[in-house]
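Structure in structure tokens, see below.
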Amino acid sequence: MKVSILGATGYTGAELLRLLAGHPQAEVMHITSESQTGVPIAKVYPHLGGYYTQTLGSMQDLPAIAADSDVIFIGLPHGHAMAAGQTILNHGAKIIDLGADYRFKNTAVYEKWYKLEHVHKDAAAVYGLTELYREQIKGATIVANPGCYTTASILALTPLVKNELIDNSTIIVDAKSGVSGAGRGLSLTSHFSETTENFQAYGVAGHRHTPEIEQALSEAASSEVMINFTPHLVPMGRGILATCYARLKPGVSPEQVDAAFYSMYAQEYFIRLAGRGGYPATKNTRGSNFCDIGWHIDVRTGRVIVLSAIDNLVKGAAGQAVQNLNVMFGLDEKTGLTQAPLYP
Amino acid sequence: MKVSILGATGYTGAELLRLLAGHPQAEVMHITSESQTGVPIAKVYPHLGGYYTQTLGSMQDLPAIAADSDVIFIGLPHGHAMAAGQTILNHGAKIIDLGADYRFKNTAVYEKWYKLEHVHKDAAAVYGLTELYREQIKGATIVANPGCYTTASILALTPLVKNELIDNSTIIVDAKSGVSGAGRGLSLTSHFSETTENFQAYGVAGHRHTPEIEQALSEAASSEVMINFTPHLVPMGRGILATCYARLKPGVSPEQVDAAFYSMYAQEYFIRLAGRGGYPATKNTRGSNFCDIGWHIDVRTGRVIVLSAIDNLVKGAAGQAVQNLNVMFGLDEKTGLTQAPLYP
Amino acid sequence: MKVSILGATGYTGAELLRLLAGHPQAEVMHITSESQTGVPIAKVYPHLGGYYTQTLGSMQDLPAIAADSDVIFIGLPHGHAMAAGQTILNHGAKIIDLGADYRFKNTAVYEKWYKLEHVHKDAAAVYGLTELYREQIKGATIVANPGCYTTASILALTPLVKNELIDNSTIIVDAKSGVSGAGRGLSLTSHFSETTENFQAYGVAGHRHTPEIEQALSEAASSEVMINFTPHLVPMGRGILATCYARLKPGVSPEQVDAAFYSMYAQEYFIRLAGRGGYPATKNTRGSNFCDIGWHIDVRTGRVIVLSAIDNLVKGAAGQAVQNLNVMFGLDEKTGLTQAPLYP
Amino acid sequence: MKVSILGATGYTGAELLRLLAGHPQAEVMHITSESQTGVPIAKVYPHLGGYYTQTLGSMQDLPAIAADSDVIFIGLPHGHAMAAGQTILNHGAKIIDLGADYRFKNTAVYEKWYKLEHVHKDAAAVYGLTELYREQIKGATIVANPGCYTTASILALTPLVKNELIDNSTIIVDAKSGVSGAGRGLSLTSHFSETTENFQAYGVAGHRHTPEIEQALSEAASSEVMINFTPHLVPMGRGILATCYARLKPGVSPEQVDAAFYSMYAQEYFIRLAGRGGYPATKNTRGSNFCDIGWHIDVRTGRVIVLSAIDNLVKGAAGQAVQNLNVMFGLDEKTGLTQAPLYP
């Protein structure tokens, strides 16, 4: 498979390159960066020295790049993918977009939360949360890779919603992310001295991953679900933990909750169930495509608490993108993704 | 004032010594440690070099220590304070206990959550959350200094509960703490390589600060309140952020929420209101006795989200203990506690 | 004393404000920032909320600011202080410059290393390493506050150089600094995800603190000293450790080395000697104006290794500036600087 | 190849398991732990969940374990390997020891620095710094895997020593390590709250890696070399940077220095040369078996400064052990070790 990456100098692009270096069937053809065109990628990211000799190209050559690729990963800020999408398709390549442009079935939701007109409304995109949409992904030409928070949250809550075990109006997702989720762009929020030994929330009641989680849960529920989602910044590089709360429906037993998780995920390689009473830790997933899930039931209050941990750059971005690549091209889903997490 | 500290080699004890070094009216008489008796405190904690020449004594001399002190801070694991309490009182000293022994009005609650028989049931202790119980503290002989999580949580929620603005059955406190909250005792959980670049929850649905928060909120509500409380471990030394959720009662306006906070706290020196839409950060309180509070209203879901940040070792322990000391002895409450937070 | 700060929004400026908030005899009159003129300082730095109500002014008002101040702290990038110096003096204020402009007796050295013409060559500036130049500082109108690395290095090596115990041609300073030393300006080097869990050197054989260390050691030696100085970036906010190596002259005994340190520093409040075999740790000085020094002798190789730890923003910048302020105005040198370090 | 690990629950053992999980020709037969015998390894290290179903055995079964293995990795504290060595050899397995027992040709040096009698003096062990001793490793039955600091230091200095470009009496190695180097055993030094935001030296003039570095450099020099080695603790999990200083011999040109590095290492896959003026960063090697090396020449002082970065648990321990395994068994040296570093 010939693959190319638009926007290869962000953390998502670099992580794709790290994973693709170990993928036996993917060959990286073109990588682009508008700000560092002409620079060798190993100079931008010395950790990739010895793996890639390529020099960064420009999106100005998009038609040629697309013609020379079976699939194109897009690691650009939202707005750019939908502008480039039709050109890519016209030249015969498939698309895996790691941004938000193709994530919403209803583009009006996109336009409302991203405050941008959607310019590729008729795109036949599939939402790329692999475990839940695998069948559609197989035949897709455009895969919208989910956001990092959303991957952790949706995987945590879907078994409960789908099996109608909780009151969907009581869902709260309190999520915590490492700083790499904010990308490589400079900002005071990502400035080391501000962030080390610090913890705070941001985007309360307004974060753009909210409607994405709601879309997936609504589909699982076959009715509209509205949640509270609160992201926080953790002084570490990688990792997301989502702590999800909901009220159990009257009479739901702990065993029913267990069964919901095991029946949905027991066969999934990339989901490791820590079980009832389990405590997933972000570090156990670091560098890997795993999502570790544990759950707790508070009999005093009647609530279930689900804990879900991923590496935001892998299962939350580049890893799931490679997983989708494998599904789209009929490979074993694990290809290139079997390396064990890095601990400690 | 002559003060002594039982259990001076834990982080709480060390923090008391740091603060008392700058307190113009307190003189440290005796400090104890059963494991390091005879060792100079400046050898155990070199940062205190130049401030203290004292050597650690033993609790075996408790009667003499009490007789030689106006007040005794107790920084021991739970169980020890209630065993020593009567002896201290008998020899004429007051008590500020930084552990859990005296925190519960109903000692049965203590016995249930701490699985230990209470041996000083008739103690006339006052709960030392200064802003809420100031009047009782003035005349107290035993002050039960609150836990770190509880201080942040109770201060965040009391204005809403007291003013009957929220549905008390919907309260969820998702709290995050730096590792110093786990103390100086060695454990794998506090082992650097395990904890750095890691984030996880612990004690879900069973943490002992739960009944303490419930006791204070129930008093504010004049009815029994039951909550979900979930603590998490943040890879940093100091700081707690509590993210508190509750459903607003129908018809409650944002302005009513604002008024609840301002009317209760506007005159409080140690509470800094970041206001509606504000984002307190733990680092802004580091080393200080402040509790910074901000709140958000999600009109989509009808919930209020309150964010509350403290330094767990100061307002969450030693600082509030000194604040209580000042109240008990009729000093300006701020005495020895006015140094600005350490940032960055 | 009426004091003002030019460039109050950098970390050095913020740290001056933190310390001056606890200084009983200094009143902050004016604070400036060209990029955030008109903004309240407590909005730029919320940790200062409750301490300062001032709004940031502009250097365009320098004559009025100087006329209204007894002393002006300058926390601007190099080049700006020497441009403003004469104006300040003309309006009757003294200067404490925290940048490099006034640090070199021979302005040609400044021009060579900073690649900038010096525009205030006849300034009668005193080098503000308080413990070594205290007498001159008393009568100074311009004090050039030393760099952070240089403070740690010069204090470590001067006793050995002054007492002629080492071969000055063998001096190597291997220094390590927290990231706050790089300031609040955004850069990839200070970007959290790049810096956390990372360690590297920079500025090998070319860092601008080299000639500053050499100037002070040459004065102590009464002959020209040339050293190797290598700075490194530590994934932490504050703190510098300098590891200094030199070959002992033949026949020098360990006791002579000890005597050199004790005779020079035993009476210095802000220098804490950890002694021969001692291991200063940056954290023991955090938030304080202390410099902790320990030394080791390797009998196998005949070398002495001196370890010196400071908080780069305090003894390495704002704290020493306040110490100099106290000396210049005849106050107790410790005024406003006695708060204990923040540990853990 | 059938491999077993004695002492599998330390960080070195866990890292071996991580790497061997991706090694196509090695099968893990037995893993032991005396303190956690009978516990599944995936319970001790949840990050390995999905890779290993094995339960920890005991060294009491050493003869059977050895008989069932082609090679045994030993990840035990020093003293244990030499006690077990002969038994292992007798039962037909080879040994790769990650401790110090077999590292010294002259066991008297071992006995002096480790203060322990050597009980396997006639062992024919080969020092396992692969790039330097590859030919001997091919035929070895016992490989003594080097220490982490020593790997970084020896690789940095050997080209200069071997080519006689420096004055060997002037060598100083100032090294910095992440906390994982101290292992999983609990200690105050590795306690999170003590170590985060802290930097300090330890083991000055007495660290046990000193004689190991000296042994290798003396062999390269064909004369006895004595150095200063100073280790420091960096608040991060993984990574070592060695900053090495030496005086160049008169007349040595920068090009000669360059040639020494390129001629020795240009063909080495696991050594990446950052070149003259280059700045290796530990993070660029994280999780990989690379050693990145850069060097600088200070014409003012006539010194060369070499910077060398590794992941202490990989090239400094488990990775190099697997590299040696590959060499011993005639496999491609890179087998199982090609995964790219984890960045950021």
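Chains here go by letter, A, B, C and D, matching the order in which they are written, and residues are numbered from 1 within each.
The rule is simple: a residue touches a chain if its C-beta (ideal position, glycine included) is under 8 Å from a C-beta of that chain, and two chains touch if they have at least 3 such contacts.
In this text, all values refer to a predicted model and were calculated from it rather than measured experimentally.
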item	value
More contacts between chains, A-B or A-C	A-B
Interface sides of chain C and chain D: same vs different residues, half threshold	same
Cα-centroid distance, chain A relative to chain D, in whole angstrom	36
Separation of mean Cα positions, chain B and chain A [Å, integer]	39
Mean-CA-position distance for chain C and chain A (Å)	46
Residue numbers of chain A (touch at least two other chains)	11, 178, 180, 184, 193, 196-197, 235-238, 281, 283, 286, 344
Chain C residues within the chain A interface of the complex	11, 178-180, 182, 184, 186-188, 190-197, 235-237
Chain A-facing residues of chain D, complex	11, 14, 17-18, 21-22, 45-51, 180, 184, 196-197, 237-238, 269, 272, 274, 281, 283-288, 290, 292, 338-344
For the chain B and chain A complex, residues of the former touching the latter	170, 172, 174, 176, 178, 193-194, 196-202, 204-205, 226-228, 230, 232, 234-239, 241, 243, 245, 279-283, 286, 296-298, 300-301, 303, 305, 307, 309, 344
